[in-house]
Amino acid sequence: MTVTAVALRPSVGSTHWRAVALPIVLLLAWEFAAHAGIGDARFLPSIESVAARGWTEIVDGQLLLDIAMSLTRDIAGFIIAALIGVPVGLALGLSRFVERVFGPTFSAYRQIALFAWVPLISLWFGTGEEAKIAFVALAALNPIVFNSAEGARSIPVQYREVARVLTFDRWQLLRYVALPGAFPSIVTGLHLGLIYAWLATVGAEFFLNLGPGLGGRINEGRELFQMDLLLLCVLLLGVIGVLLNKLAGLAETRLLAWQKR
Amino acid sequence: MTTTSRQRRSFSRRASSNPARRSFIALAALALGVAIAAPAVADSTVIRLGYPGVGIDNRPFGYGDNISVAHIGHFIEDEFKNDPDVKIEWTFFRGAGPAVNEAIANGQLDFGAGEGDLPSIVARSKGLKTKIVLAADTRDPIYLAVKPDSGIKSIDDLKGRKVAQFRGTNLQIATDRVLEAHGLTERDIKFINLDTGNTLAALASGDIDGAFGGPEFLDLDRRGIVKVVYSTKSDDPAFGRQASLLVTEDFESRHPDLTARVVKAVVKAAQWSTDESNREAVFQGWTKSGIPVETFRADFAGVKLTDRLSPIIDEFFIARYRAQADRAKAYKLLRNDVDVDSWFEPKYLNQALAELKLEDYWPRYDANGKKVATGTVEQTQAATQ
Amino acid sequence: MSVIPEPGYLEAAVDALALSTDRSDRRTCALPARWARRLQAAAVGLAFPAVLLLLWELSARYGWLPAQILPDPRLVVETIQEFVASGELLDDTRISLMRVAQGFLFGGLAGLLLGVAMGLWPRFQAYVDPLFLAVSQVPTLGWMPLLILLVGIDEELKVIIIAWSAFIPVTLNTYRGIRAVPARYREVGQVLTFGPWSTLTKIVLPAALPTIFVGIREGLANSWQTLVAAELFASSEGLGYLMAWGRQLFQLDLVIMAMIAVGAIGLLFNWGLGSIERRLRRWQVAS
């Protein structure tokens, strides 16, 4: 899935109170409805019951373990994708030959919807950890390779000319021209890759469900009609996604600033 | 102009002092190291058993066969309790038979413990190399549960309705046979592939009109949430399902002794579980799956424990598998023929029976289901009534 | 010594080749340079997949990998023929496409409306934006369990979740596109004394169109992705259902066939919308 919510800035300035107005009104309405018994009680737990559930799950249950497992799969898959994706992307972008031979195949592979890989992966890897991590890596691979290739392709001509003047060999070209030139795009690709990886982690746990994880808890909440657990986990899902996005954004700015030096 | 070698060397020195690059390399090395080290270790042998099913809300407990009895009663662990370098590892698969197949295909399991007839037949048709060493359960009935207000009273009313069915499990082929007997095919019904947990949820919320399944519905029926309108118990018992204990040919050839001992442990479990005086205890043990005891009492009403939980591979059992393989091909669940006869390996079972002096314990049936030998277990009586 | 090839030397070589065939006598057909280049690109691009196919065929013949990991390619071809002949593949594809069409239309329209509203009225946007931002951070699939409890597992679930996955990028891009319309365009509208409706339809929307279109394209891609996931979960027909069937019954050939179909349709969507987008850009630049 393509993502566009990467760097959206909320409107600034004196409209601050407007920003929180709607969410607060909705939350109040929710609380009111839950307490007044409007709507199906099963489907509308009050906010404190969700919070209380969260507390019990952390203290008595294994919510923290689930989150940790999900994050581990996320990071593991992401690292694999980064290790494979950046070199492959650079090769695609730098070498005309590689682009012509492998480019079309890669384009075709990109067309296959991510979740179409789930049955294949489960048949090839079973439903254990390897399967989930493989799926996450597959998801993150897409933007990483694409952006690294884009970055390598759009290295300014002057860089290349400098390299030619200094008669760099292939490795020097890579180190002093290609990597720095493609760096911003590579970082963007990694940022997107992280987002996709989290998406895939959730999806993997949904479909390849075995072992602890946030997706498994969501399933549990659904099957047992425990709306408070379900809402709690969906909330956590979003929050972790936002945090990862923010972290990636911070890292991105940091790295780009460092490169400018 | 070419750079002097001194200039080139100074370039490279500056590059390798790049902190980001160094930490990157370190991270990569760490990841690689972990990946290599992880599967290593273990001088001990691990016996990996995979059970096709989970209890309510994913509890790692099964029910309805002698494998689950062995698991709950720790029969296999007891067999190996004096062998410190043999570990027993159970995995319960929410994805049932198909998931067990995937795991076996990937070398992640040594035993398919209680795998149903259809999934193991499908796997065999795809070249998965296993051997059936023991019967896990036979004549397992299936039930059709419907929403009370759906207006479905029998199989014939199912035409065009939305029905859940866990595809690829032995439920599918049992269902297909029932449908065939009533003049219907899978195409006449809108079948939705749902696993057990999702099926129960969908039934309760009314998303589907009906569902085929096992005793999980009996509790919902008692509570009035669904109505069980059909069961193979009241129809032809040949419509029931089977399951077996399978061992991978690879594990069997490497550890025939361990295979024999696992079989012996399950035979012991079967001995205990087919003894009518243990009837209540068997049901109570199965409640670990989260299913209430009344369900099992109802499921087994009018049925002797030994009818379902006998471990014997007799002509009836083999004939059932042959029939299922035939039907599977006819229903296009398989592509090629499956050689069932060479699949069974009863030597471990016979060895265990001899060792435990249980050769006459269980009755045997011929290919048509007629009893050809009585068993001493039939004289055991339930404690109450 | 430097080994950087001149960028474009291949092009030059092809041009030379084309030119020479152009110049030479009628024996060799005088292909225009563009077609020669296209053919060559196609040939080179197909080389790698051809090698993969060859390896696959050899692997099946010599049994390098077990049949359940990699089925015989001929089996896959047979399966495709079987399913095309029986019309099943077409049926399932049609059903999947219908779901996408419905969901995408709903989500896209809703997204356009909200995006226009947010773009035109900053005050409205100030209220709605944070909430929108928050909910858009939850991955679409994350909403599925909630939705299942609310609407069940039937068609509504699929259409709603597909609509949602299209709604978000369309809204975002519409809003951004409208915001990015330079002030002078609106001033032109004022000069020409356009009413608000005319300003919207004659100036703002056309100017924002390329960005809006990016959103539409993303929305369609998202819709297709979500459809596959939703169908995998609980369906009785469709391409995702075919894949689930293949997985349950260990029929990898079915899975591969369905994957090819999914990929082909994704390709069609991308290519179709991509060419429309290119045309739009050209039109925008020209104007």
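When the chains are written out, they are named A, B and C in that same order, and each has its own residue count from 1.
Here, contacts are C-beta pairs under 8 Å (C-beta built on N, C-alpha and C of every residue); 3 or more make two chains touch, one makes a residue touch a chain.
Computed from a prediction, not measured in an experiment: that's the story for all the values here.
Q: Comparing A-C against B-C, which pair counts more contacting C-beta pairs?
A: More C-beta contacts join the chains of A-C.
Q: So which chain is farthest from chain B, going by the mean of the CA atoms in each chain?
A: So the farthest one, by centre of C-alpha atoms, is C.
Q: So how far apart, in whole Å, are chain A and chain B when each is placed at the average of its C-alpha atoms?
A: About 35 Å separates the centre of chain A from that of chain B.
Q: Distance from the CA centroid of chain B to that of chain C, rounded to the nearest Å?
A: Distance between chain centres: 40 Å.
Q: Cα centroid separation between chain A and chain C, in whole Å?
A: Chain centroid spacing, chain A to chain C, equals 20 Å.
Q: Send over the residues of chain B in touch with two or more other chains.
A: 102, 105, 198
Q: Residues touching two or more other chains, restricted to chain C: which are they?
A: If we look for residues of chain C contacting two or more partner chains, we find 68-69, 149, 244, 247, 250.
Q: Listing for chain A: what residues touch at least two other chains?
A: Touching at least two other chains: 122-124, 167, 219, 222, 225.
Q: Quick one: which bits of chain B touch chain C in the complex? Just the residue numbers, please.
A: Its residues touching chain C are 98, 101-102, 105, 119, 122-123, 126-128, 162, 167-168, 190-194, 198, 202, 205-208, 333, 335.
Q: Where on chain A is chain B touching in the complex?
A: So the residues of chain A touching chain B come out as 79-80, 83, 122-128, 165-167, 172, 175-176, 209-210, 216, 219-220, 222-225, 255, 258.
Q: Chain C touches which residues of chain A in the complex?
A: Checking each residue of chain A against chain C gives 1-2, 4-5, 8, 10-11, 15, 18-23, 26, 43, 96, 100-105, 108-109, 111-120, 122-124, 160, 163-164, 167-170, 173, 198-199, 202-203, 206-207, 218-219, 221-222, 225, 227, 230-231, 234, 237-238, 241-242, 245.
Q: Taking the complex as given, what residues does chain C use to touch chain A?
A: Going by the criterion above, the answer is residues 1-5, 7, 10, 41, 44-49, 52, 68-69, 122-123, 125-131, 133-146, 148-150, 165, 168-169, 172-173, 215, 218, 221-222, 224-229, 232-233, 240, 243-244, 246-247, 250, 252, 255-256, 258-259, 262-264, 266-267, 270.
Q: Looking at the complex, which residues from chain C come into contact with chain B?
A: 66-69, 75, 149, 152-154, 234-237, 241, 244-245, 247-251
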